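Same chain, two partners: subunit A is paired with subunit B first, then with subunit C.
Up next is the complex of A and B:
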C-alpha cells in the first residue's frame, strides 16, 4: 500500500509540471503585465520606469529562465511576491486556504448529512410514495444551477431574515474572527454547494443500496431473522457505501482547490476568490500558486478516493 | 414528425398483437412520444426558444437602449418588467438574452460532442498508445482549473464577443463526454458483430461510423442532452462573477449579474427572478428530455 501511494505521488510530478508550464506560458501570452496594471499610465518617463521595474522583478529574462527561477523558489517554499496585493504570496495563501478548507468541509458535511440518509430512506421502500416524491424533487433540485440557489439564499437568509451574512469572510491573524465567525460566513456558500450536490449523493446512495440489497448475502441476513433496520445499516450499507466514499474523495479534492464561482459570487475570501482577483490584476505569482495548489488538491483527491476505496472495500488491493 | 400518435401502442400491446417489426430507432421514438413529462418539456422548451427568437415581434423596446431618466422603474404598462439600473427595458433584455444562452448551449453541445466523438472514438477504437495519450490529455484538462483558462483566453484575445465565449467553453468542455464515449467504444470493440465486419474487410472509418456509432447512439444522444443542460448554465455562471459576455449584449447571465446589488436584490424581485427562472426552466426541460430519451433508448434502465 505504501509503495503504491509513493508511486502515485511520484506519478503526479509530470502532470504538475505540465500544468504549471502551461499556466506560465498562458499568463505570459496574455497582453499586458502586472507592471502595466500596477503603475499609473500618466507618470512621466513611463517606459524607463517600466523597464526598471521589469528588471527588478526579473520579467525581462527569457521565459524558460523565468520559469526555472519560479520552480526553484517554489521548491524552497517561496511563491514570490504578489504584484497586485503587495504581499508575500504565501501570506495570501494561508487565510485563503483556511477559508476554503472551512467551506469545503462544511459543504461536504451538509451534503453527507442530507444526501446519504435521504438515499437510504428511499432505498428502504423503493418505488413507494416517498421514493417517488423525493426522486422527482431531487431531479428538479438538480436542475437548478447553484448560483440561482445562491441568489435565492442571499435574498431569503441575508436580506429578508438577516440570519447569515451574504458577503465576505474573515481572515486569519490579529484581525481574525472566532471559528464560529468563520463558519457563520461560510454557511450560505456551503448551503448553495450542498443543495445541488446532495441530490447526486442521495441518488448514488439509493442506487447503490438497491444493487446491494438484491444480493444473496442480504437474503441470508434476513433469513437469520435480523431486524430489517440492522440488515440495512449493518449489512447493506457497508457495501453500498463503497461508490459513495470514492465519489467523496473526488469531490473533496475539487472543493479544496476552491469553488471559484460560489466564492466569487459571495466574495468569500478563499482560493477561488484569490484566483479571480489575481487574474484580473495579471498577478502571475498568485495565479501560478493557486493553479498549482488546485491541481495538487485534485490529484490528491483522486489518490484519497482510491485509498478510501481500498479501506472500505477489502477486496480492492493495490500493489 | 408525421407520426400519428393515436395509432401508437405500448410495447407490450404491440408484442401481444404481433404487429409488424419496427426498427429500434422507431420504437425508441414511439416510447419517447408516450413520455408525458418529456413531451411537455419539449413544448415548454420550444416556447422559450420561440420567445427569444421572436423577441422583436413581442417587444418594441431595444434591449441595449439606455434611458438614464428612467432607471430602476417598477413594472408598469410601458415597461412590463420595469427597467434595470441603466434604464433598459428588462422584459426585452430577458427575451433577447435567451438568444445568447441558447446559442451557447446548442453550439457548444455540438462542438463538445464533435470533439469527444472524435477523440473518444479514436481512443476507444484503437486503444493502446492512442488511448493512453488521449486519456492523459483528458486528465490534464480535468486537473486544470477551466475557469482560469476561460478568463485568460478572454484576456489574450482581448475581445469579449459571444463567439469567443462559445469557442472557449467548447474547447474546455470535452474531457467528460470523451471518457464516456471512449468506454462505450471500448466495450463495443470486442463485440462479435464488430469482429464480423472486420473479418469482412470493412475499413476503420466505416466500422466506426456505420457500425459502432449507431450501436452507441442512445447513450451518446442522452449524454449530449445532459451536456447541453450544463452548458446553458455556463454563461450565467461566468456572468455572475463578471466574466461573461459584455453587458451591452443582453444575456440571462448579464441581467442576473446586473441585479446582484443589495438594493436590486431586496427591492426589485422583477429584475432577477425572471432570468433565474428562465435559466432554471430551460435546464429542467432539457434534463427531462434527456431523461425521456434515456428511457426511450434503454427501456430496461432502472432509475
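Up next is the complex of A and C:
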C-alpha cells in the first residue's frame, strides 16, 4: 500500500507540471495585466511608468522565460507578491488554507452524520412514508440553489436567533482566534454546503443500499439466520459504502480547494474568498497560486478516494 | 442407502403449500399446492424445468420468499411437528442456518465479497451458539477441513474472490452445515460448477447425510444428479407435483407423461438418432393456468377430458403418486 501511494504521488508530478503550464498560459491569455490595474489612469506619462513597472516585475521578458522564473519560485515555495493586497502570496495562503480546511472537514462531517444515515434509513423501508418524505424534500432542497439557503440560514441563525455568526472566519471577544471560534464561524457556510450535498449523499446511499440488498449474498446471510438488523449493518452496508466512500474522497478534494460562492457569501476568508478577491483585482500571482493549489487538492482527493476504496473493498488491491 | 433413512416420522412435512407473486399487478401462482415429506437422512430431489416453481418451494420452506412481491398464501410447513408458518420472525431467524440450512446455485455471488471466509462462517456460530472466538475459529477450521478445503486456516483469512467456484461451494456447504442442521436445502448447488467438481460436491453432500443424518432437499433440473443422489423424487410442473415416487420406482416405471418425456429428453451415449428429443412448447403462464391439466397442451397422450378437468394426485402404486387422468 505504501509503495502504491508513493508511486501514485510520483505519478502526479508530470500531471502537476502540465497544470502549471496551463495555469500560467491561461493567466497570460487574459486581456490586460496587473500593472494596468495598479496604475492610476490619471497619471501623466502612463506608457513610461508602465514600462518601468513591467521591467521591475519581469513582465517584459519572453513568456517561456517568465514561466521558468515563476516555476522556479513556486518550487521554492514562493508564489510572488500580491499586487492587490501588497503582501507575499504565501502569507495570504496560510490562513486561507487553514480556514478552508476547517470548512471542508466540517462539511464532510455533517454529510457523514446526516446524509448517509438518512439514506440508510430510507433503504430500510423503501417506498414507505419516511422514504417518500425524504425523497421529496431532497428534490426540493437539491433544486433550490445553495446560495439561496445560505441567505435563508443567515437570516434565521445569525439575524433572528443570533446562534452563529454570519460573517468572517474569526470573531472578537475572549475566544477570538481559537479553534472553537474558527469552528463557530465555519458553521453556517458548512451547513450551507452540507445541505445540498446531503440530498445527494442520501440518494447515493439509498440507491447503493437497495442495489446491494438485492444481491445473492444478502439472501445467503438471511438463510444463515443472521438477524435483519445485522444483515443490513454488516452485509448490506459494508458493500453499499464502497461507492460512497469513493465519492467522499473526490468531494473532499474539491472542498479543500475552496468553496468560492459560499465563502464569498459569508465573507469567510478561505481559499475561495481569496480567489474571488484576487480575480476582481486581476491579482494574478494570487490567482495562479490558488488555482494551482485547487488542482493539487483535486489530485490528492482522487488519491484519497482510491486509497479509501482499497481500504473498504478487499477486491481492490494495488500491487 | 436406504438403511440411513428413518421413516418413522417426517422431519419436514409440507401440506398444500401455495406461494404467489404479484408481477405487474397480476397474480403469479409460482407454487400451487405442494405436498412434501422428508424423513431423517433422506435425500429428496425436486425436479422440474425452469419456472416450475422448485426454487420458490425451497425459499418458502425457509420463509425467505422475496418480500413484498411474494407471499406464502396458504399451507402448512411442519418442521419436527412445529408449523413454522406460525413462528415469529425472530423464532424463524433462530431456525435458519441452525436447524434448516440452505445453499444456492451461484457460489460466485452467494458469498459476501467484502467479508473474509472466516468471518462469514464464524457469524453463523456466533448468532446460533454464542461461543467464544477461539472455539469458533477451531470449529470453522474443522468444518472447512471436513468439506475438503485445503490449507483451511489460511482460507479463513481470505476473501471469496481468492477462491475457485468449487472451493466457494465447499465453503457454502461448510457454512450451512456448521451448526449441524437437520435439513439442508440445496438449490441447484452444482449447476454452476465444472462436471468433475460437480461430482465432488455431490459426494460431499452424501457424506454429510451419512455422517450427520441430515435430510437433504436437492433441487435440480439435471436427471443425472437425480439418478445419482435421490432416495425420493418429486417431479414438479407449473407449480404442482405431477409425480412423486421412490427413486428406483420412478426410473424403472415413470408414469406421468411429463416424467416420461423428461427421461426421454436425456441424451445417452448409445443413442441411435441424431436429433435430441425435446418436449414441444413451454410451461404455461402462471398468471392464467388452463382449467384442465396444466400439461395437456404439450402432452402427446392428451384426451378431450384432459383439457376440461384438472386431474388430482392419486396413489396408483404403493408410495407412487401421479397427477394424470390416464394412469391407473
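As a working rule, the second predicted complex is superposed on the first by the 285 of 319 C-alpha atoms of A that agree within 3 Å, B and C clash if a C-alpha of one lies under 4 Å from a C-alpha of the other, contacts with A are read in each partner's own complex, and residues count from 1 in each chain.
Note that a contact is a pair of C-beta atoms (placed from the backbone, for glycine too) under 8 Å apart; a residue touches a chain by one contact, two chains touch by 3 or more.
The structure displayed is predicted, hence computed values, not measured ones.
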Which of subunit B and subunit C A:239 touches, first, second, both or neither: second
Subunit B versus subunit C as contact partner of A:312, first or second or both or neither: second
Partner chain in contact with A:118 - subunit B first, subunit C second, else both or neither: neither
Winner by number of subunit A residues touched, once subunit B and subunit C are compared: B
First, second, both or neither for A:219, with subunit B first and subunit C second: second
Which superposed partner A:227 touches (first subunit B, second subunit C, both, neither): second
Partner chain(s) touched by A:143 [first = subunit B, second = subunit C, both, neither]: first
Which superposed partner A:22 touches (first subunit B, second subunit C, both, neither): first
Subunit A partner contacts - residues on subunit B that touch it in the complex: 139-140, 142-145, 147-149, 151-153, 155-156, 158, 229, 233, 236-238, 240-242, 256, 260, 262, 265-266, 269, 272, 276, 279-280, 283-284, 287-288, 291, 302-303
Residues of subunit A defined as touching subunit C within the complex: 215-217, 219-228, 230, 234-235, 238-239, 242, 312-315
Subunit B-touching residues of subunit A, taken from the complex the two chains share: 15, 18-19, 22-23, 26-27, 29-32, 135, 139-140, 142-145, 147-148, 151-152, 154-155, 159-160, 210, 257-258, 260-261, 264-265, 275-276, 279-280, 282, 287, 290-291, 294-295, 298-299
Residue ranges of subunit C touching subunit A (in the complex, touch as defined): 62, 64, 89-90, 93-98, 101-102, 104, 106, 109-116, 123-124, 127-128, 159, 161, 172, 175-176
